[in-house]
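Take a look at the structures listed below.
What follows is a pair of complexes built around chain A, which joins chain B in one and chain C in the other.
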Partner chain A sequence: MPVLPKLILRRLALGLLTLMVISVLVFAATEALPGDTASQILGKSATPERVERLQDQLGLDRPLIVQYFSWAGGLLRGDAGHSLVGIEVPVTQLLGSKVVNSAVLMLVAALMSIPVSLLLGSLSGRFRDGLFDASVSLGSLTFAALPTFVIGIALILLLATQILHVLPAVSRVQHSASIWSQMELLWLPAATLALASAPFIVRMLRGSMIEVLESDYVQMARLKGAPERIVLQRHALPNAIIPVIQVIALNLAWMAGGVVTVEYLFNYPGIGWALVDAVANRDVPVIQAIVLLVAAVYVTLNLIADILTILISPRLRTGLH
Partner chain B sequence: MSHQERESSFDPGKLWEIANSKRVTRRAVLQGAAAAGALAALGPFASACGGDEATTSASPSAAATPKKGGHIRSGITGGNTKDTMDPQASYIDAGKKCEQVFEPLLGWDTESKLELKLAESYDVSADGLEYTVKLKPGLTFHDGKPVTADDVVYSFRRILDPKTVALATEHLTMLEPSGIKRVDDLTVTFTLTQPNSTFREALAYFGCAIVPEGFETPRGVTAEGAIGTGPWKVTSYYPGEQTEYVANRDYWGEGPYADKLTIIEFADPTAKLNALLGGSVDHLAFLDTSQATTIENTPGYQLLEAKTGGFNPYTMAMDLKPFDDVRVRQAFRLMVDRQAMIDQALAGYGWVGNDLFSPFDPAYPNDLPQREQDLEQARSLLKQAGYDNDLNIVLNCSTATGSSDPAAAQVFAQQAKGAGVNVKVNKVDPNVYWNEGNYASYPFAMTMWGTNTYLWLCGACMFPNSPYYETHWKDEEWEKLVLEAYKTADDDARNELVRQCFEIEYERGAYIIYEFNNMLDAHSEKLQGLVADNFGAEGATKQRYNLMYFV
Partner chain C sequence: MSANDSVSAGERRVDALDVSPDEALSETLGHDLEPSPARGKQRRRDWVQLPLDALHYRVTQAGLAISLFIVAMAVVGPYIAPYSPYEFVTAPYAKPSATAWLGGDNLGRDVVSRVLCGGRTVLSLSFIATAIGMILGVVLGLVAGYARTVINEVIMRGLDVLLAFPQIVFVLLIISVLGPQVWLLVLGVGVTLAPPIARVVYGVTVEIKERDFVMAAESLGVSHLKIAFTEILPNIVSPLMVEFGLNLTFAIGTIASLSFLGFGMQPPAADWGLMINENRVGLVIQPYSVFVPVTLIAILAIGVNLVTDGVAHAMIGIDRDTGSA
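Right after this comes the complex of A and B.
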C-alpha cells in the first residue's frame, strides 16, 4: 500500500502545524489571564517592589514576542526550558515522573476497561433486549451519568475506608521506586477511570454490532452455515469495531491528559494536577510543555485510530488505490 | 547596596508585613507569620543593661519520656510547586515544611509568648536602640558545623540584600547592614536607626531564620542545600508533592522522638481525610470544620482543637461612603449576632470577638464590654447618618480568605436585613482576590489574619503605606499614640499607650471582628504528643512534629 505512508506523512505534518498553532494560542491565553507569575508566587505578600524584582529575575519584563520565541527556540534545540516558579528546575525534570505516572495509569485503566467493554458490548449487541443486555445497559448508563469524582469516592468508601480495607485510599506514587513496584496504588484510580470511560465503548459497540448483524454479509454467512462464533468473530466484529476505535482513541486521549478530579481525589501525581497548578502560577514553560504533550498524544492516537480503521476495513484499503 | 526604597524617617507602614503563604486558589488557610506576642515573658529581658538567662520553652511532658522511633506521615493542604526551602524567601511556604529545618533566634511558644530558640539570652539598651543577642553554646547545623555569630550576621545581611527579595525586609527597615556587628563567637549586636519595640518580634519572625554563612539556595530547590538548625533534616523535597525528613539527633531542643517524617501535600481536603481514614497518613493538619463529625464518629481517630487568635474580619473602608460616617461603622458592628454567625458559618468552631484584634496582646482590654447585636441602636444610628431602610452595599468575599467566609458573608447579609440594610454578596475568584486593583479598593470586604501582637499587626494594615491598608484607617489621635508606643522601650508604659489605641478602635474603628478561629487537627490515636497552639495557622499544633511520638 504505497499510499498509506504518504497519508501518514501528511497527517504528521498537519499534526506538527496544529501543535505550533496551539503553542501560540496557549501562550496568548495565559498572558491574557489576569495576574502574572510574580504576583501569583508572592500571593498576599506581593508588593509592587517585590513583584518588579521578581519579574526581573524571571525575565518577565521582556516583550511577549521575545519571550515566546526565546522559548520556542529553546524547544527546537531540545530544551523545554525551566519552570518559572522553581528556578533552575528544568521542565523535563519537573514533569518527567508525572508524565510516566499518567501514562502508566492510562495503560492500566485501558487494560481494565477495553477487553471487558468489547466483550460486554458485542454480547449485548448480539443478545439485545434480553436480560443480559438490559443489565449491561443499566450499568453502563449509570456509570456514564455519574461524575468521575463520585465513582472514585464510591470506590474508596467501598474498598479502602469504610466497608473493606483492602486497597490504599490515596495513591501518592513515590519518586524513590519505580512505579511498577507500587502497583497497588494504581488499582483504585485506574478502576475509576475505567468505570468512567467503559460505558461509552460498550454503548458504541452495542449499537454498531446491532447494525452490523442486520447487514447482508452477516446474513450470508449465517445462511452459509457458519457457526455463530465465526460469524461474530470473523464477519461482524471487525466491521462493528470501526467506530469503536475512534471512541477508544478519544477515551485514551482523555485519560492521557490527566483527569484532574481523579488526581485530586487520589492525590495522584500526574500531569492533570501539574497543569492546574502551572496555570494558577502562570508558569508558562510548564503549561506549554504539558499542553503540547497532550496535544501530541491526541494527534498520535487519532492517527493510529485512522490507520487501524483503514487496515481493518478492506473496502477502505482498496479504496485508496 | 541601595536602600532608596526605604525612607530614613520613621515609617511603621513600611515596617511590618504579615507573611501569608497562601496560594490564592483552593484551600485558604489561616496564615500568620509572627505570632501573637504576649510580651509578658519579656519582663526580665527588656530592661537596660545586663542580660538575663532565660528559661526555654515547654519542657517534656510529666509522664515518662516518650518512646523513640516510628515514621510520622502528615497530610497538609495548601502546598504548591512554588514553595521553597529558603526560609528568608519572598513568602512563607504552606505547611511549615521549611520551618522544620530552620529556626530564628527567638520564637513563640504554644501560648504565643516569646521564647528563646537559638538565642541563649538577649537584652535591650535603655534607649531601645541596641539589642545584644547571645547564642546558645554548642549549637550545630545539620552538617555538623557550629552556629556562630558570623552565621547570624550573614543571615541578617542576606535578608537586607534586595537580591534576596526577602519577606522580612519590611519588618527590618530600622536596621542597616552596618548596624549588625559581631562581638565575639557567640554574640551579635543590632544597632537600630531608631528605637522600635517590635524588633523583638522581628527576631522571632520565621522570615528571619538563621542560615549558615554562604547559604545561597536558589528559590525553590534542593534538599541538599537546606542546612539548618531545626529538629528535622530534609532528605528529599518535591514542592507541591511531598517532603521527607530524618530526625536531627543533635537537636538542641525537645525531641524529635520519631525517626522519620514525611509531609504529604493534598489539593483536596476530601483526599486528605481519606488518607487519614485509610491509614496512609497518621496526622492531618487543619481539618475542615465540616469534617469534624466524621472523625468524632470513627474509632481510632482523635481531634485536637486549639483556640487561636486568628480571625477573618469584615473590613470597612472609612474613606469611602457610607463608612466615612462613624455612625454607620458603629451601626454595622451592632448588626452582627456574633455567636450565631460562628455557629452557622464556622460550625461553632470559634470564639466571640469584640472588634479588636490581637486578643493575646498584654495590653488587650479584656474589660471592655462585649459588643452584642442591637438592631434598634443600629437602626437609630443609621437614621442619624441619613439612611432609612435604604442603605445598599456590596460585600466582597472569596474562598481566598477562608473556605467558610462566603457562608459568613451570607449570614451577615441576612442579619443586616434586621437593621434595614440591603447587603449584596459578591463572591470573587480566589485567583484574583488579592490583586492590586481588587482587594485594596473594596469599600466592604473580608480578609484574614493570624495571631500577632497589636503593634506588629498595625504596621501591616493601619498606615497608609502598609501593605494591607484595607480599612484606609486614618485617625490623628490614634496615630500619635501608636507612634509613641513603637518608640517606648518600657513594657508597662507601652502597654498603657497601646491600651488607649485599643479603646479608640473600639469606639470608632473600621473592622468588624466577630470571631477568632478554633483550629482543628485530626490524628490516629497511635500518634500522641500533639500540643494545641494558639498561633492559628496551618492547624492546631503549628506542626511541632518534634514533640509527637507513637504509642
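Right after this comes the complex of A and C.
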C-alpha cells in the first residue's frame, strides 16, 4: 500500500477511536452519579412517582452496557434523547438552532481574527526584533493572558455602556428568533472571540516565518541573488502556509471551548449558553449531547488539520522523515 | 534479573582491570563520557540562576511588580478592609460615596471590602490547580518517555483523549456529575492542565534518555524509577519553570471563568470571578463592582504571563551560553 493513503487511513482510524473512547467517557461520567441517578438528578424534593417515571424514561433498570449502546445508537440515528427540564423537548430540537448560532458566531469570529493575525504574525516575523515586532509581541502576550470573559466585559464597558454606545447592550438577544434577524447582536461576542484567539495565530505564524526565513533554502535563494520579493513569494510563503492550516483548524477548535463563557456573558443562544444552562439544571441528556458534539468538532478539526498537513508537506507526502 | 547479573559481572571485570566504571563504559561506547549537564553547581544554577537571569529583562521586572502587587493585596486585603465582605452597608448598586468608596454591590455590600477579600481564592485555587497539573504531567511524561513499552502508548493515547475536550468543557462535565465543589474544580482544572505538560516532559525525556549519563546510570544498575527522577528530572528544570508560569496563567483564566459562570466559589463568598457574575446585571448603573474585579484578574494574568515570557527568554539565553561554551 502506498505511504500516503496508509498515513491518512491510520490518522482517520485514530480519530474515530478517540471519538469512541470519548463517547464512553462522557456516558460513564454522567452515569457515575453517586446513588440513584434519577433522584440525584431530580433533587431532594422529587416525588417518588417522578423518580420512577424518570428511571423508566432513562431506562435505568437496564445494564449499563445496554444503556450505553442504546444511547450511542440513538445518537447515530440523530436521536439524543429528551431534555429532563421543563416540557421535555427532544435534545436535537432543543439544540438544532443553537448549533447553527454557535457555528455562525465561530465563523464570523474566525473571519475577523485570522486575516489580521496572519498579517501581524508574518510581518513581525519578517521585521523581527524591530519596534513593530516588539509592540505586536507585547500586545499578543497581554491578550493571550486575558480570560475570554474579561475581554468581553472590557468590550461591553468600552463600546456598549460606559464610554461609547455604538453597539447594543448585552441582554437583548431573542432566543426564539433566528440569529440572522438580529445580526447586530453578533458583533460584540464575535469580536471578543476574535481578540481572544488572535494571539495564538500571531505567535505561531511569527515563529514559523522566522524558521522559514532562516532555513537553508531561503538562504540559498538569497545567495543566488534572487530579489527579496521573489525570495518571500516563491520560497518563504509557500512553506509558511503549512502551519497556517494547522493554525486555522486549531483556532476554530479552540473557539468550540471559548464560546462557553462568551455566549454566557452575551446571553447568546448557542451551544455554550445551552451547556452552562444544562449544567446548572443537571440536564444530563443535553450535557452529554453538547460535550460529545464539542469533542467531535475538536477531534474532527484536528483530524482535518493533520490530513491537510500530510497532503501538503512534501516530506510527509513522499514518506521521508 | 539478567540485567542486574550482567552489570555485576561487568563490575567484577572492571575491578579486575583496575579502571573506573566510567572509563570502562566510555571504552565500550567508543567515546568520552559526557557528564550530566545538571550536576552539583549546575543543578543549583537552573533553580536559582534562571530566575535571576530572567530578572535582567524588563518584561520580568514589570510582570513581577504587577503580580506581587496583586498577591500583596490578596494577602493583606482582608486585614485592611473597612467592612466585613458580608455586611450590608449601602443600598443595592449604590453609587460611590464617603462610606463606600466604590459603591455597593447587588445586595448593598461594600465593593472595596469585597474586592480586598476576594483575591485569595482565585490566587490559591489556581496555584494549587497548577501544582496538581505539574505533578501529574511530570510524572506521566517521565514514565511514558522512559518506559519503552505498552505503558508509553497507554499514557500518551489517554492524554490524547483528554486533549480532545476544551478545558472548560471538561471541567463543566465533571461539575455536572458532582455539583460545584471547590476541590472538584481545582482537581478538574489540574487534570486538564496535565496533558500538554506531560507532552513537553515526554519530548525532553525521550531525547535525554539516550544520552551517556543516563546510559551510565543504567549500566550501573540504578533502578529506572530512580534514574527518571534523579538523572532526567534535574535536566528539565528550565522548561518546567516556563511550563509552570504558562499553566498558572491558564489556571487563573479557567478558575476565574468558572467562578464567573457560577460554578466556582458559591455565594456569599467574596471572590472576584463570582463578584463579576453577581453584579454584571447592574453594569450600566454601578460599573465598579464589575470593573474593579475584572481589572484585577486581568492585571494578575498579564503579570504572570510577562514573568513567564521573561523566564522563557532567559532560558533561551542559557541554552545559547552552553551551546557556545
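Here are a few things to note about the model shown:
FYI, the second predicted complex is superposed on the first by the 235 of 321 C-alpha atoms of A that agree within 3 Å, B and C clash if a C-alpha of one lies under 4 Å from a C-alpha of the other, contacts with A are read in each partner's own complex, and residues count from 1 in each chain.
Basically, a residue touches a chain if its C-beta (ideal position, glycine included) is under 8 Å from a C-beta of that chain, and two chains touch if they have at least 3 such contacts.
No experiment lies behind these values; they were computed from the predicted model shown.
Contacts of A:I156 after superposition on the shared chain: both chain B and chain C are touched.
Judged by the touch definition given at the top, the superposed model places A:L223 against neither chain B nor chain C. Of the two partner chains placed around the shared chain by superposition, neither chain B nor chain C is touched by A:L76. Contact with chain B, but none with chain C, is seen for A:L94 once the two complexes are overlaid on the shared chain.
Of the two partner chains placed by superposition, only chain B is touched by A:F266; chain C is not.
Judged by the touch definition given at the top, the superposed model places A:D277 against chain B, while chain C stays out of reach.
In the superposition on chain A, A:T30 makes contact with chain C only, while chain B stays out of contact range. In the superposition on chain A, A:L131 makes contact with neither chain B nor chain C.
Once both structures are placed on chain A, chain A residues 34, 153, 156, 161-162, 169, 264-265, 276, 278, 280 are touched by chain B and, in the other complex, by chain C. Residues 34-35, 39-50, 53-54, 57, 83, 85-89, 94, 153, 156, 160-162, 165, 168-170, 172, 175-176, 263-267, 269, 273-274, 276-278, 280-281, 283 of chain A are the ones touching chain B in the complex. Contact residues on chain C toward chain A in their complex (touch as defined above): 59, 160-161, 164-169, 172-178, 249, 252-254, 256-257, 260-263, 276, 280, 283-284, 287, 290-291, 294, 297-298, 301-302, 304-306, 309.
On chain A, the positions that touch chain C within their shared complex are 18-19, 21-22, 25-26, 29-30, 32-34, 141-142, 144-150, 153-154, 156-157, 161-162, 169, 253-254, 256-258, 260-261, 264-265, 275-276, 278-280, 282, 284, 287, 291, 294-295, 298-299, 302.
Residues 5, 17-25, 31, 80-82, 90-91, 162, 165, 167, 170, 218-221, 236, 238-242, 264, 266-268, 270-272, 274-275, 277-280, 431-432, 434-436, 467-468 of chain B are the ones that touch chain A when the two sit in their complex.
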